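These are the structures, in structure tokens.
Both complexes below contain subunit A, partnered by subunit B and then by subunit C.
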Partner chain A sequence: MLRYIIRRLLWVIVLLIIVSMVTFVIFYAFPSADPAVLRAGRSPSPALIAHIRHTLGLDQPIYVQYWRYLENIILHFNFGYSYQFSLPVTKLIFQRLPATISLTVGAVVVWLLVGLPVGMISAIRRRTVLDRATMTATLVAISAPVYWLGLMSLLLVSNDIGVVHIFDGAGTYTGLTADPGRWFGSLILPWLVLATAFAAFYARLLRSNLIETMSEDYIRTARAKGLPEREVILRHGVRSAITPIVTVLGIDIGTLLGGAVLTEYVFNIPGVGRLAYEGIINADLPVIQGTVLFGAFFIVIANLIVDVAYAFLDPRVRY
Partner chain B sequence: MGGTLHVITAEAWEHLDPGASYFQIDYLVEYATQSPLYMFTPTSPTKPVPLLASGQPTVSPDGKTVTVHIKSGWKFSPPVNRTVTSKDVAFAFERMYNANVVNGYAAGYFPIVGAKTAPGDRPIPGISTPNNTTIVFHLTKPFAGTMVKALTLPGTSAVPANYAPLAKADKSSPSTWDSNPPSQVFTGPYMIKSYSAGRSMTLVRNPNWSRSLDGVRPAYADTIVWSAGNDPTVAARQTLASSNLLMADTPPSPVLQTAYQSHKKQLSVAPLGIYYAALNTQVPPFNNINLRKAVIAMQNRNAYLLDRGGKLVGHVATGFIYPEVPGFAQAGGNAGGGQDFVSHPGGDKTVACKYMKLAGYPNCKYTGKYGQYGSVLIVGSNASPGPQEMQTVQSGLNALGFKTTIKAVPQQTMYSKFCGYVKAHITVCPTAGWIEDFPDPYAALFIPFSGQAIVPINNSNWPLLNDPKVNAALNTDAGITNQAARLKAFAQVNKMIVNDAPAIPEVWSDNALLEGTKVKGVLDPWNDDWNLAFSATH
Partner chain C sequence: MTDGPLLKVEDLRVYFDTEDGVVHAVDGVSYSVDTGKTLGIVGESGSGKTVSSLTTLGLTRLQGATVTGRIHFEGRDLVGLPDRELRRLRGNDIAMIFQDPLSSLHPFYKVGHQLVEAIRTHRNVSKSAARKRAIDLLELVGIPDPQRRADEYPHEFSGGMRQRAMIAMALSNEPKLLIADEPTTALDVTVQAQILALLQDLQDRLGMAIIIITHDLGVVAEITDEICVMYSGRIVERASTDQIFDAPEHPYTWGLLKSIPRLDRPRNEDLVPIAGRPPSLIMRPSGCFFHPRCPYVQKRHRTVDPELAPVPDDSHHQVACLLDSSVRRKIWNGLQAGRDPTSLRELAGPGLPSRAPAVAAPIASGTRPGGLRAP
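For the complex of A and B:
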């Protein structure tokens, strides 16, 4: 197992180098806008643009630029300097990471608490009214764009612009350490909005897996042995059916830690996704590149954790 | 007096170093926390009022020397605490020419003898400070008439000379003075107490600021709390539903319509700037002036206004001096200069045909050559209303027989890779826009239309207009100090530019702003936004 983890960690490094290369080529070799011009602002003198180009190293050959970029990341953990905010990208990302983690963790809890029971009940009560109703609801939830859902929820139930004043609205996010109560209150609505589609998807996924699993021979054997139905479902059915969900969960968590762009945007949660959005809008290339690399990092690490977790969930898996 | 003013925006700040600040939203902070030599105020939107300066500047008869006296006893905020001197103002100009600070306008508006953009803070030979309250600028050309207006820009705010943290910050490239705004030194009524990039900012009173010495800014609020990075729709609705919010950027059209219908008291409108479709005057086919006039005459310019949201957001433009700019009335006001090819906002086929014939196309259809792209290449922003505007211009061009190709790109890319990149030779840029740096016709016309302002990259003279007569007139008129004569002269330049037909005048835009029910927002018409040092909560 240890050798496997070390091997995977080495692959993580290789993968991140490849990602850095691809993002560098996209954003530096073929940028959507000239970084020096963007930094210079409106109507600068040619001397100023030349100075900025030199400062940013843009007057060097591409391979030298990439090598310096990689060197800065590896040796100094330096992802560059934001044109818009005049701050190091690393500092910006770390400032915003707690909000993204808060949003992700809470949403994961919500969608697992909602999605898994709904999936199980639907599978067990297959073809009943309850099953059809929940599956229709999940279809609607999956189809609703998160930005629209966010706006609608604010217009309906936020305590500033909502029809009914229930939850804290947009722009109220407070850090956990600053005020835990306000932190929780400000995130309830974003958690619900972000979790809606995921909960629906997980419910449908678990339902289909569980239906298939419950028709397996070993389930019949378990029942024949006289095990209580509850134990048959939870110990033998769900444990097997949940394995693919763990795979998807790992990827989803990794993706969201890279930034839940739309949810952060509509609720003005100062997270990494919001930062990535601002980077894109302002063609702030170091920020775009930094957030992409961080996103990639979280995804590959989450995948690694999932693969290791497989060994514990599925006795057939050995490394 | 007192209380907390809450500001909300979708956009966030870019640069809060007064030497680097060059953005509408940033100016709201700068004019509350710093003190330029002069200031356009809500009550004096076209004539600069002395702020740090003790009176109007003295200009030499040749227009090449400007002398400014500053008030005695004005102090920097903590931790510097000392009195501001003319050397601090001189240092502010040195910083603007420090390439590490990255100032976007110094070279254009402050042509001081010996000033050169280069890394590092260094004395400028053309600035002298004979005593602690006097500063003299020696200019390379007779430019005083324009420079005295530009002395309102944030870069002219005094910054402490010989202050070790600032000197150290300016040695970095870029200067790190911009990285942590609360650690800066302030001369305005407020100081930045806390700042989170792109998220939030809190301004508190500057204990060393004196209302009586300032004499201009009332600074009603005790604290100003600013939340940035909000979704514009949500922020606009929050402002309408609130008692204490001031929204400092334009709300989306649907919310704006709601405000017009049922929250009119919470709505203020200021003229914003101009949008126009630049026609490249240096490459075929629009290097032919009559073809340009034909195209302008054929355009349905009402459609551009509809593309942007209709009468709620502005008026159909007829020239390049727009309503908020002094000289608008002298240039003919809404009616413009009377040129036949801009007189019919809905388009006029007869006039268009007249100019097509003058261009050598008797059937009123273009059959000539195109440049390198084989058709008229239209490049515009892919964000609304860019695509609609491109279709509008395309429709007018097709009606005259032009073959067209549309390329929609992000706004930043449009400027830096296409319309602002001379070698790209883009034929039409229909989503270009301009807001003047300060309320003066020179600031509205020079960069967008002077041949001397053309630069190979990041060019803002998008039509690449290089008419020697216009260039000469802009240079000559820049030195005029008598306001009436100046406005008359620039109205004439505007007429010359319209006659050159470098662009389709689309829309004179308005900026609509929202405020909560118990906020008294005061507009700075020249910056098209609120002035926080004048706004208050009830």
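For the complex of A and C:
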């Protein structure tokens, strides 16, 4: 087990290096804008642009730039300085992290609380009107893009531009430590919007898993024991059907911690996803690199945690 | 407790209404088993043998089956009993073990835990008392080092040990009736014998009734008192085990007997498979359900549905066949002498005028099913 984890961690490093290389190459192969020009202000002289380019190290060959970048990370844990904010990328990311964590954790809670019971009931009441109705609803929910759903919800229920003024809308994000009440109020809408597609997906996933599990031989054994149906479903059925969901959940959480770009953008939440978006818009290479690496890191670590957790959830799995 | 058999099934019918039509899984089956006795139910897959026993436990209801007839257990009719009351019988008075012990045990729970659950479902005992009993049960079924094995998962057990654990679980609450559905099919041949011996030993010690469901007559030969041969949801022959092996009366039973290798027969004797496939339970054949596969089919057999009736000189031996009893005995004697069914066909009568019955050509001499050369 320990050997397995160590081996996987070494792979994480290799993977992150590859990711950073790819990001570098993409940035230079498909430039969104010239960072030096962006920083030079209105109608700059070529000399100024060249000067800025030199200061940022952009006049070096790409492999030298990349090597310096890696060197700084490994020797100083320095992910470079943002072109636009002139601040260390690590500092920017850690500043933005609480908002992203708030958004992710809340959404996860919402979608598990909604998705799992819905999936379970649908599986048990399979082929009933209730089942068909919820499954149709989940299909709609999965198909609705987050930006559309987000904007619609703002138009309908936000307290500024909404038809009905219920929830705080975009641009009101407040830190948890600053004002817990406002923090909660400003995140309800983003949580619901972000959780919608996930809840629907998890409901469908649990439903199909549970239906499959309920036809297993050991379910028949549980019934033959004389267990009440409720226990047959919960202790024997759901216990098995939930394990694949844990896998997906781990990876989803990892992905979202890397930044829920669309949700953060629609609701103007100052999270990592929004930082990444700003980085891309402003050709802010260090920020792009940092957020991409950071997101990749969360995803691979989440994968690792999921795989390790699986060994505890399913005793047949050993590493 | 009332007099009479422990379990008496009368005219049991189980139908499943599916999109393709009504599946007549069990179609008017009657049998009984006494305390301390063993009944074998034999038939191909799809003959309704498993459904009839699952129905005894009330487990086909959940699948939307329509059940009619009577299942008397200790004088109570289980058909129509509310599920709450059936649940008290399940795993308590009537226990069941299944074909594949690996898939029948929950992969995520320790074996001991699964036994404890079975015990505590019906008995109000502490966890530690239940665990102690679980370990005793594992020891009873011959699992070495039960204290340690109780804390292992099913996948850490061997096939035979798993089935022993299943049996231990079934015995948790000292059932009066144990239904074993293909208990040895998934096991190695050597382990099969051990499990059967274990079942018999446990029956001697605990005095329960056993119903063994199998497709393999060889399995039930040693341990059953009576055998019901099922075909297409019905019992086609019912007799004592000795009668089934010595003087079977139904062509299907002959087919079953002739398709199992036997050590007491000459080594070069051909195995005779039963031609064709079991009929659909939705669109069933007319007349005798077995007629499309019967080598001795006559014109009349395509329209007349035979009833299960006693053979002339033995009221305990019942058979559902339209052939005359004397003809059946001649054919069986011929089969015993090693002749193949085709050569005995004229004994039954002129056969079908229009077309030859769907009998597979006798397997080429020296070749056994599966293409293996005879030794």
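Here is the rule we go by: the second predicted complex is superposed on the first by the 313 of 319 C-alpha atoms of A that agree within 3 Å, B and C clash if a C-alpha of one lies under 4 Å from a C-alpha of the other, contacts with A are read in each partner's own complex, and residues count from 1 in each chain.
The definition used in the following text is that a residue touches a chain if its C-beta (ideal position, glycine included) is under 8 Å from a C-beta of that chain, and two chains touch if they have at least 3 such contacts.
Predicted, not measured: the structure shown is a model, and the values here were computed from it.
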Room on subunit A for both subunit B and subunit C (clash or fit): fit
Partner chain in contact with A:Gly169 - subunit B first, subunit C second, else both or neither: first
Touching partner for A:Ile52 - first (subunit B), second (subunit C), both, neither: first
First, second, both or neither for A:Arg239, with subunit B first and subunit C second: second
Partner chain in contact with A:Asp314 - subunit B first, subunit C second, else both or neither: second
Contacts of A:Leu227 with subunit B and subunit C, given as first, second, both or neither: second
Subunit B versus subunit C, judged by how many residues of subunit A each one touches: B
Contacts of A:Tyr218 with subunit B and subunit C, given as first, second, both or neither: second
Least C-alpha distance (whole Å) that remains between subunit C and subunit B when both complexes are overlaid: 49
Interfacial residue positions of subunit A with respect to subunit B in the complex: 32-34, 37-49, 51-52, 55, 81-82, 84-87, 92, 95, 151, 154-155, 160-161, 169-171, 265-268, 270, 274-275, 278, 282-283
Touching residues on subunit C, where the partner in the complex is subunit A: 54, 57, 59, 62, 83, 87-92, 95-96, 98, 100, 103-108, 117-118, 121-122, 153, 155, 166, 169
Subunit C-touching residues of subunit A, taken from the complex the two chains share: 216-218, 220-229, 236, 239-240, 243, 313-316
Subunit B to subunit A touching residues, read off their complex: 8, 12, 14-15, 17, 22-23, 99-100, 102-105, 107-108, 116-119, 173-174, 176, 178-179, 196-199, 227, 229-231, 233-235, 237-238, 240-242, 409-410, 412-413, 415-417, 420, 447, 453, 455-458, 460
